[in-house]
Amino acid sequence: MKRLVLLMHCPDKKGIIASVTNFVHQQNGNIVYIDQYVDRIQSTFFMRIEVEGNYNLSNFELFKTSFENEHSSIFQISCSFYLADILPKMAVFVSKYDHCLYDILAQQRSGKLSCTIPFIISNHMDLEPIAKQFGIPFYYIPITNNSKEKAEQKQLILLKKYEVDCIVLARYMQILSSRIIEVYPSKIINIHHSFLPAFPGAKPYHSAFQRGVKIIGATSHYVTEELDAGPIIEQDIIRVSHGHEVKDFILKGQDLERIVLLRGLKLHCERKIMTYNNKTIVFN
Amino acid sequence: MKRLVLLMHCPDKKGIIASVTNFVHQQNGNIVYIDQYVDRIQSTFFMRIEVEGNYNLSNFELFKTSFENEHSSIFQISCSFYLADILPKMAVFVSKYDHCLYDILAQQRSGKLSCTIPFIISNHMDLEPIAKQFGIPFYYIPITNNSKEKAEQKQLILLKKYEVDCIVLARYMQILSSRIIEVYPSKIINIHHSFLPAFPGAKPYHSAFQRGVKIIGATSHYVTEELDAGPIIEQDIIRVSHGHEVKDFILKGQDLERIVLLRGLKLHCERKIMTYNNKTIVFN
Amino acid sequence: MKRLVLLMHCPDKKGIIASVTNFVHQQNGNIVYIDQYVDRIQSTFFMRIEVEGNYNLSNFELFKTSFENEHSSIFQISCSFYLADILPKMAVFVSKYDHCLYDILAQQRSGKLSCTIPFIISNHMDLEPIAKQFGIPFYYIPITNNSKEKAEQKQLILLKKYEVDCIVLARYMQILSSRIIEVYPSKIINIHHSFLPAFPGAKPYHSAFQRGVKIIGATSHYVTEELDAGPIIEQDIIRVSHGHEVKDFILKGQDLERIVLLRGLKLHCERKIMTYNNKTIVFN
Amino acid sequence: MKRLVLLMHCPDKKGIIASVTNFVHQQNGNIVYIDQYVDRIQSTFFMRIEVEGNYNLSNFELFKTSFENEHSSIFQISCSFYLADILPKMAVFVSKYDHCLYDILAQQRSGKLSCTIPFIISNHMDLEPIAKQFGIPFYYIPITNNSKEKAEQKQLILLKKYEVDCIVLARYMQILSSRIIEVYPSKIINIHHSFLPAFPGAKPYHSAFQRGVKIIGATSHYVTEELDAGPIIEQDIIRVSHGHEVKDFILKGQDLERIVLLRGLKLHCERKIMTYNNKTIVFN
């Protein structure tokens, strides 16, 4: 028995759920999870289904084709299909901070993050020892003001060569250009160390300290052209007080960053996220 | 257009969702919300549906009958049907603490708690002025060691007379006997001032202080025969430290109590809760 | 035995704590609480002390004078002294929302909010019945584009007449002008229904929904000339999901608003807050 | 300039703070942090001070002696003194779960956990590769029903040989006997995967699932003779719902466990905890 994941959306119309569940039923599939959401303002219907059945690569293709044939014209459904046991390949981009990297590698190694990690890219050498600790290829691609284009082309070659599905910016202190972003729409996940939309951009902990907030946060989100403005996947917060200095914010925040990033990565790798209107729909 | 709520459960079987959604579709209903849960250990299927349609009291009855005819024998469905705009009648039992009572009355008055409140019962006179403030009948039924049975019979008469649907124990410092509980199965909601199952019974804040916990909690739950052991609806917590005394626990806890109780009451009044195996399934 | 509260700050200098605690000791006072904070960047020292002793209005004055004589010249201390049982007089400004008002009045009535409430001001009549329920004078002062100056002058007359110490804007949907703000520096507390500095100004729940955040918040803060930019006293948050509409944000947020506002008011009324550099130091 | 930490407690008596701060002042020390707590029921005074000064190992001893001479007889002070830059040696005990171990090693390596880790002990071989990854000695000491005493004696020899100061049980699935506990009073830190005192002992996630709680927790605490009943250092929680199975509780809980354990370890290693009456006083 294999598991199959469907993510779909279409204009809201009476009878969609009945039609889809009927179809799965006729195909001898058993719906294990079903989650739906209707955006009533946009009148759009979203659904995520997990189906258990006797699937292999060939009848999986058949399932997809039949599904589309039966539904596309009636309901104008856009649909993505995944076999749950084919893991996404995720590239990790880092700079100098190690806390997110350690968590990603440890959790992937322990089987809690359902992906493979073909390589790590960094613009600094600092974290190479951690890559070595975990036996993962480490590519050092330095970036200067003038070398950014060249560096990104090197990155793209690696991403293509390894057939990478998605990218995590694990405190990667560089801004990606559209050169990379447009190749990976809704497939690049960043962790920003503030409670977005508060304090976008550089040094959010310093700004939070300056403003005298009583709570700091972290946000994992998909990367879009506009800095720190992409669809938010997950956020969390921790309390601070007047007695905490910027360095305390940074230390406390690092726990948040890794937790919030990992939650985002797990949701993505388990195909539980749809993006729409610069927002995420998280079926969890 | 009226809204109809269905709560149903049955042995898990392929095709239930398809069958039910088909039925609603044929009846010209539009499914506005659908939430389902499968208990895979017990192999039991639960579903909550909100349907919009042209319902009135007579075709509502027809809908129920047709639904049961089409599904009961095939799927052994147990089902409850509600018209969303017929509000439950909720009796409020209190003793001396006013914080939960104020919240219940204020939120009901503001339209945020979807019920009517026919009366307040108390074993003390202390809160009568609040009942008066809000213009709600207040019944003073004192309870002594010897008078409990008689008191509960008075309560039952009132409950029957007003056709009460459910009861909230809003810091009512008395234990109900089975005399009342069995008349209102999964319909009496209590707020317990601890993070159950820690510290059941009397004086939980004192016990929490004694144990030196760093977090205190509150729990809203359905009342069953066993004290503080009924299905949990909602819980929440707040941090404490060594510097807080019992009186601080009590003060901080009161905010929790009213928030957690009100959340439970709202879920109940909006028919979003099913109980099963001494647990709640909360479709929210 | 009475309790006395001292709030003080001065340039950081070795020996301050020793000097102050010595002084209290010599005056037969017993330090019940002592909290201090040093801003190491500004090199400024802050302290809050609660002292128990045999105080009355006359030796309280003596205490103050002696304290200042002994410390002001050496340490350049700025100090505020309060007798704990002289409660501040707090005016309540509201518009149409009732949830914060209900909480303020209920908690003040129950003795959990240590202040007196001489009157309620509103630019609408909607909440007058609640004022009546609690027997508190209600002044209806409507505000139009042209009448704001006149309205504020009426407000100032009332504030003066009742010798008001501080003001709470309990979802008062008007912006105060400097006319009032400058009379009450660090004495006007507002509740803003977002996690500041995110979403200042009007309709923050709509903006939060639009941005697709996963957590919403509320912030109580002192009012300054710049809108929603004054010293933050307290913040708290609650989770939301893609499934929540703006109206759900509003409902969930109202619980936050009243909790966060009340926490701020209690801290203020118990003289646990100092403001400095547009931040609060909260000794709790 | 070095930093010195004092932890002290004594019967509460007027003038203690003045006396101690005077002493530090006279010794040319500058109090950087001062936190105090009075247990008013037990009438006991607790204080933690961080002092900056020109300290080395010899005048540190002098400081201690002078302090005790001046205060012990008058105030019956019990006092511990630490030089902040002499790190405690912490032994790590594990079984098969890797999530806490990864966090401990990663954070110690990054300088965020102020201790040295002389070795790891385990009753299973599973985690040896992680010890190797981080280059830390790994001692495999299997435990059977009959071999426990012998195993603990081996452990004690190692603890003595490496002059270990404290022990962390990082999901070590064995119960320590008094043989070890009495050698390390308030120096063995355990992580228990429930919100104590709820669900002590084995399989707390299963019990939590069975009870139908809506929130699960984790607790770091000092180990005492009674199982899971020692002084609580830190707790935290995460929400669950009816839709989560035991395996989801376990996965969600693991994030809690490592966060809560690490917070406890950091507080301990930074000498911010005092224990008293089976509770902790955490100066943070």
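Brief remarks on what is shown
Chains here go by letter, A, B, C and D, matching the order in which they are written, and residues are numbered from 1 within each.
Going forward, contacts are C-beta pairs under 8 Å (C-beta built on N, C-alpha and C of every residue); 3 or more make two chains touch, one makes a residue touch a chain.
Everything quoted here is computed from the prediction, not taken from an experiment.
The chain pair from A-B, B-C or B-D that repeats the A-C interface, sharing more than half of its contact pairs by residue number, is B-D. Where chain A touches chain B, the two copies mostly use the same residue numbers: shared numbers make up over half of all numbers in play. Chain centres were defined as the mean of their Cα atoms; on that basis the chain farthest from chain C turns out to be A. Rounded to whole angstrom, the centroid-to-centroid distance between chain B and chain D, based on C-alpha atoms, equals 41 Å. With centres taken as mean Cα positions, chain D sits 36 Å from chain A.
Contact with two or more other chains is made by no residue of chain A.
For chain C in complex with chain B, the residues that touch the partner chain are 98-99, 102-103, 106-107, 110, 112, 133-134, 251, 254-255, 259, 262.
In the complex of the two chains, the chain C residues touching chain D come out as 14-15, 17-18, 21-22, 24-25, 30-32, 34, 36, 38, 239. In the complex of the two chains, the chain C residues touching chain A come out as 37, 40-41, 195-199, 211-215, 217, 231-237, 241-243, 245, 277-282.
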